[in-house]
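In what comes next, chain A is part of two complexes: it sits with chain B in the first one and with chain C in the second one.
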Partner chain A sequence: MRYSRKLTGAAYAAPVALFVLVFFVAPLLLVGRMSASDWPLLAGDLGVNLPDNYTAIGDNRLFWPAVGFTLKYTGIVVVILVGLSLGLAMLVSGTRKGTGFFRTAYFLPTTLGLASASLLFFGFYSPSIGPLDPILQGLGITDEPISWLGTPNMALFSTVVLIVWKFAGFFMIILLVGLQAIPPDVYEAARLDGAGRWQAFVHITLPLLRPALGLVLILSITGSLLAFDQFFILTKGGPDNSTVTVVQLIYREAFQRFDLGAAAAISVVVLLALLVLNIAQFRSLRRDQ
Partner chain B sequence: MTRRGVWNTTSYYVLAGGLAVLFLFPLVWTGYASVAPHGATNQQDGFGFGNYQTLLEYDSGLLRYLWNSTYVSLLTVLFTLLLSFVGGYAFARFKFPGRDTLFLLTIAILMVPYSTLLIPLYTQLGDIGLRNSLFGLSLVLTLYQLPFAVFMMRISFEAVPKEIEESAMVDGCGSMGVLTRIMLFAVWPGLITVGLFSFLAAWNDFIAPLILVSDADKAVLPVAIANLRQQSMGAVDFGATQAGVVVMALPCLVLFALLQRHYVRGFMSGAIKG
Partner chain C sequence: MRFDKRRPARRAAAAVAAGTAAVLLAAACGDGRSGGGGDQEVVLEGVDDGTTLTMWTRAATQAQSQALVDAYNESHENQVELSVIPTDDYQTRVGTAAGNQELPDLFAIDVVLAPKFTTAGAYLDITDRIDSLEFADALAPSHIEVGTVDDRKYLVPHTLDLSVLFYNKDLYEQAGLDPEKPPTTLVEFAEHARAIAELGDDIHGTFFGGNCGGCYLFTWWPSIWAEGAEVMNSDGTESLLDSPEAQEVYSIWRGLVEDGAVAPGHAEEPGATWTGLFPEGNIGVMPMPSTMLGLMPEDLNMGVAPIPGPSGGESTFVGGDSIGISANSEHPNQAWDFLRWSLQEDTQIDILAAGGDVMARTDLADNEYYADNPNAVIMNDLVAIGRTPYSLNFGQTFNDPQGPWLPLVREAVYGDPNADLSALNDAITASLSS
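The block that comes next holds the complex of A and B.
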């Protein structure tokens, strides 16, 4: 009976095991091999050339700018997203009339795909049909059309706006679930002890929200470091390659410069960097709890 | 109400309402822009569906792309549901050698960037004749749904009281019978959440179809609309682009309206995980 139950369990797990083996473990091994080989897109495997693909990374003139830009973008997005989504969550956690509507309003952009949202903002920022310039000019705020994607700084700013619009509601919901898990009597007790709103926020809300905030941090950092769709669609990496992210660089190496070996080497580096980061984040979360 | 109370209430609604306008405005605008008249589009005079007409006639045609997206999304949902249903049952109810390793390995998919796997998958799918195929694409999309789906189904199965199963076993039901006749109904809400999330992820995915599928008539909607934007010799048809955004967004909004509860369940499990 024992033995057969083990066998039954293994049989039920077999499809997942097979799938993970073929589509996860095998490609993971293959990307390692590709990164160590001369592997043009069309010709295929031309044999080991270790460590050429790795040493070439440092010489790639787009690599360090892409790393720098990706980190800068991540820093900006994470700070704004975490702050805003926390504010939104607190705004809609109460029982006032209309909070249901506000929750839905802030969450709706999340239901769109990232590519759809990027295409939406591609039109939104366009001088041709974009609504922003007429509105700003009508209000007398500006005289001339603004080039929303024209300079490196504006392109970065406009993309950050898109991402914050798209994801703030998503993180708001995670934080809202965390907020609602805090028992109301904790606040009540603090109020009786004479704690003001700000003190309650710093000494009760923030510490008790830590697990949810940790999740929001991990998700927003990882997501931003791997940014692709928004820049591919909105800025195409421009102007002047100023908004090329690391993942875009991988895409370029593989499918515009047709060098899968080089793309695989950058992919492995990114994978290792993310692994280290994720392990560090999990460790610090564990320690806190 | 005290004066302070009125002031608080007013400032709350001004702030919350103002933010709601900011969040809703782009959505409302894209709907408006897709039907509004504009010089550089197919919708010249008055409001109408000229931009949608453009999409219908563009390249392989909107219906083709709609079908491709629907096919890929439904296949992904099907694969994800099947794998996570039997897999979740195995992880929740059985002890077998390698169980914890396999579970951790499945969750570890989350740790590996999409792009890192797409490069080798591009080669691998080519070797087995599944590159440039919507079937192969849906297998890759399924892979990225597995961590969430298996996790979700495992906790769904674990939440079902063991007594239900045991009494069915006493009545002569095998484990397969328990799974398909009893457990299926007990974990139904979990399955809907998994199905919803995998559908949305597959419907909206951009980088996997961009890399793995190159034939123009096999493009899925996001890739087709993004290509539309790049084509037509420098002059972008913004009206048609926004019509495309509306077509892509509508199913997502409808699913959200119908399945709100299941949306929140998905996030809750995420919060627990953290």
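The block that comes next holds the complex of A and C.
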């Protein structure tokens, strides 16, 4: 009886376990193996060359600039995204007329794929086919066409605008759920004790929203550190290699330089960095609770 | 004991779950295709027996490939299934498929990237088949050369894409230039562009893809060749892109940028939309791919001319796609049937020449369609003198947006006017010879 029960349990777990094994553990082991080998895309495995692929990372002229840029981008995106999505969540958390419409409106960009959204913005920003410059000039706001992706700062700015537009609604929904889970009586009690709006926000909303905020932070930080599609489509790392992210570097090693070993080595390094970061984040989140 | 009562159902559920797992496992393991064309006996004239062939090409040359495939399918038992892959992803897709032995029977390749694939053994050796063609000598010479490794031939020209000057005759007239006299030197080209830019409003002298390595080399290297200089040494391991001739070319374009004769957006143009402006009729004169000729609006009064060097001469970059049979194809004779047919006189004339395209052969320029299309004749004549540069590391050096070519040319056009390009040129050599 006990044994067969265990067996049933194992059978239930088998599909998921197998899924994880085939689509996570096996590729992970393969990446580890690749990172230790001389492995050109076209020729296949040519044998172990440890630690060449790892030592080559430091010699890669694009690596440290890419790390720096990825961190800078992550910092900017996370601050704006978390702030804005919190603001939006508070705006639409009430039950006033019309909030449903705004919730939907803010959330809509989320339903678009990132690559499609990037292509859409690529069109908007294009000096030859985009509508932005004609509109701005028509309204008399600018005289000259703006080079939306032409300088390093503008390219970064334009990409951040896309990402904020695309993801603010998603994080808003997470925070909205968190906000609505706070019992109204807590605010009631605070108001009776004479707390103002600001005090209520700092001493009630923020502490009780921590789990949701923590989730938003982890998702937005991890997502930004792994940024690829938006830069691949909007800037291709340019102008002048100013917007090359770490994942673009992995892509370049694998599919421009056809060196799977070098790409795998960078992947392993990024994986370890993310692992450490996520453990630290979860720890601090748990401590807070 | 609810558990006991529902046990049969649970059992069934568990069985389904385990079954799903087995299917997943089978799907994930896939079927490693092996073998390939080596076992089939070579039939030089090809075999048309109703085989279904798979073929890949990139979006940039889709129009020509599609026309060829449609006509072949209509007149043959064999059927070719064409998959068109976005140009930017093509190398990635083909590279991955080659690594996994999952290539289609036929695949075209941007001719400059071909050496990477021919030397890696992704293509079947078709030397005997090519040599058996009575018109073998007339096949676009630079394509055949790049598709040859150690005297073995792997590729035939498929769709040719040459760089040529396109100029807008109406704008030439408005600017007081002779619409029948396109520029014959690059200096003259710059004068024309400036004169047209003077027209003002939304009219611009010229345009180029300023953040696109592939665009630069395709449109600017012919000027270097026309001047009698080289861009690389003959085995493609050393860069000569800081030569005085090359710098002269960069500086002429730089002057156009500084004088505002280039349409806005050039500095960030990544190569996706750079050919979109000229057909709208606002650009005076610019080098573009010959495949654009068939896509020009009918009411656009335009002409084409060879790309000149700073002091004269003419040349072109013979780009486009070569095509071969993949090494793992199980139907090489059927695949060859398509290739052989695609190069025949009737096919070349009725499909390519009729569409205003450049043909893969140099011996057919005297045909009924070209008689009414002087622009196509100019382009076709360039095939014989044009160049296709050879280097094993071409893609990662010149096309890759993070490669070392883009920094050099951007420094020359947008950077410090007195910059020393030799260090940047050394970086290109390092990439070529790595």
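The rule is short, and it goes like this: the second predicted complex is superposed on the first by the 289 of 289 C-alpha atoms of A that agree within 3 Å, B and C clash if a C-alpha of one lies under 4 Å from a C-alpha of the other, contacts with A are read in each partner's own complex, and residues count from 1 in each chain.
Note that in this section a contact is a pair of C-beta atoms (placed from the backbone, for glycine too) under 8 Å apart; a residue touches a chain by one contact, two chains touch by 3 or more.
Bear in mind the structure is a predicted one, so any value in this text is a computation, not a measurement.
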Message: In the superposed model built on chain A, check whether chain B and chain C fit or clash.
response: clash
Message: Quick one: is A:Thr8 in contact with chain B, with chain C, with both, or with neither? Answer first, second, both or neither.
response: both
Message: For A:Gly178 in the superposed arrangement: first (chain B), second (chain C), both or neither?
response: first
Message: Under the stated touch criterion, which partner chain does A:Phe258 make contact with: chain B (first), chain C (second), both, or neither?
response: second
- prompt: Touching A:Leu62, do we find chain B (first), chain C (second), both, or neither?
  reply: second
Query: Taking the superposition as given, does A:Pro239 touch the first partner, chain B, the second, chain C, both, or neither?
result: second
Task: Tell me which partner A:Ile129 touches in the superposition: chain B (first), chain C (second), both or neither.
output: both
Message: By the touch definition at the top of the document, which applies to A:Gly113: first (chain B), second (chain C), both, or neither?
response: first
Per-residue touch tally on chain A - higher for chain B or for chain C: B
Message: Let me test your reading of the model: by the given contact rule, A:Ser267 touches which partner, first (chain B), second (chain C), both or neither?
response: first
Task: Looking only at the overlay on chain A, choose which of 41-49, 113-121, 149-157 or 167-175 in chain B hits chain C.
output: 167-175
Query: Taking the two structures together, which residues of chain A meet both chain B and chain C?
result: 5, 7-8, 11-12, 15, 17, 19, 23, 44, 122, 126, 128-129, 255, 260
- request: Would you mind writing out the residues of chain B in touch with chain A in their complex?
  value: 9, 12-13, 15-17, 19-20, 22-24, 26-27, 29-30, 33, 38, 40-41, 82-84, 86-87, 89-91, 93-99, 102, 105-106, 109, 111-117, 119-124, 139-140, 142-143, 146, 150, 175, 179, 200, 203-207, 210-211, 222, 225-226, 229, 236, 238-239, 241-242, 244-245, 248-249, 252-253, 255-256, 264, 267-268, 270-271, 273-274
- prompt: Residues of chain A touching chain C in their complex?
  reply: 5, 7-8, 11-12, 14-15, 17-19, 22-23, 40-44, 62, 122, 126-129, 144-145, 147-150, 155, 235-241, 244, 248-249, 252, 255-258, 260
Field: Residue ranges of chain C in contact with chain A within the complex
entry: 3, 10-11, 13-15, 17-18, 20-21, 24-25, 28, 91-92, 95-96, 98-99, 116-117, 120-122, 211, 263-265, 267-270, 272-273, 276-277, 395-396, 399-403, 406-407, 410
Query: In the complex formed with chain B, which residues of chain A make contact?
result: 5-13, 15-17, 19-20, 23-28, 30-31, 34, 44, 88, 91-92, 96, 98-99, 101-102, 105-106, 108-109, 111-116, 119-124, 126, 128-129, 131, 165, 168-170, 173-174, 177-178, 211-212, 214-215, 218, 226, 228-229, 232-233, 247, 250-251, 254-255, 260, 263-264, 267-268, 270-271, 274-275, 278, 285
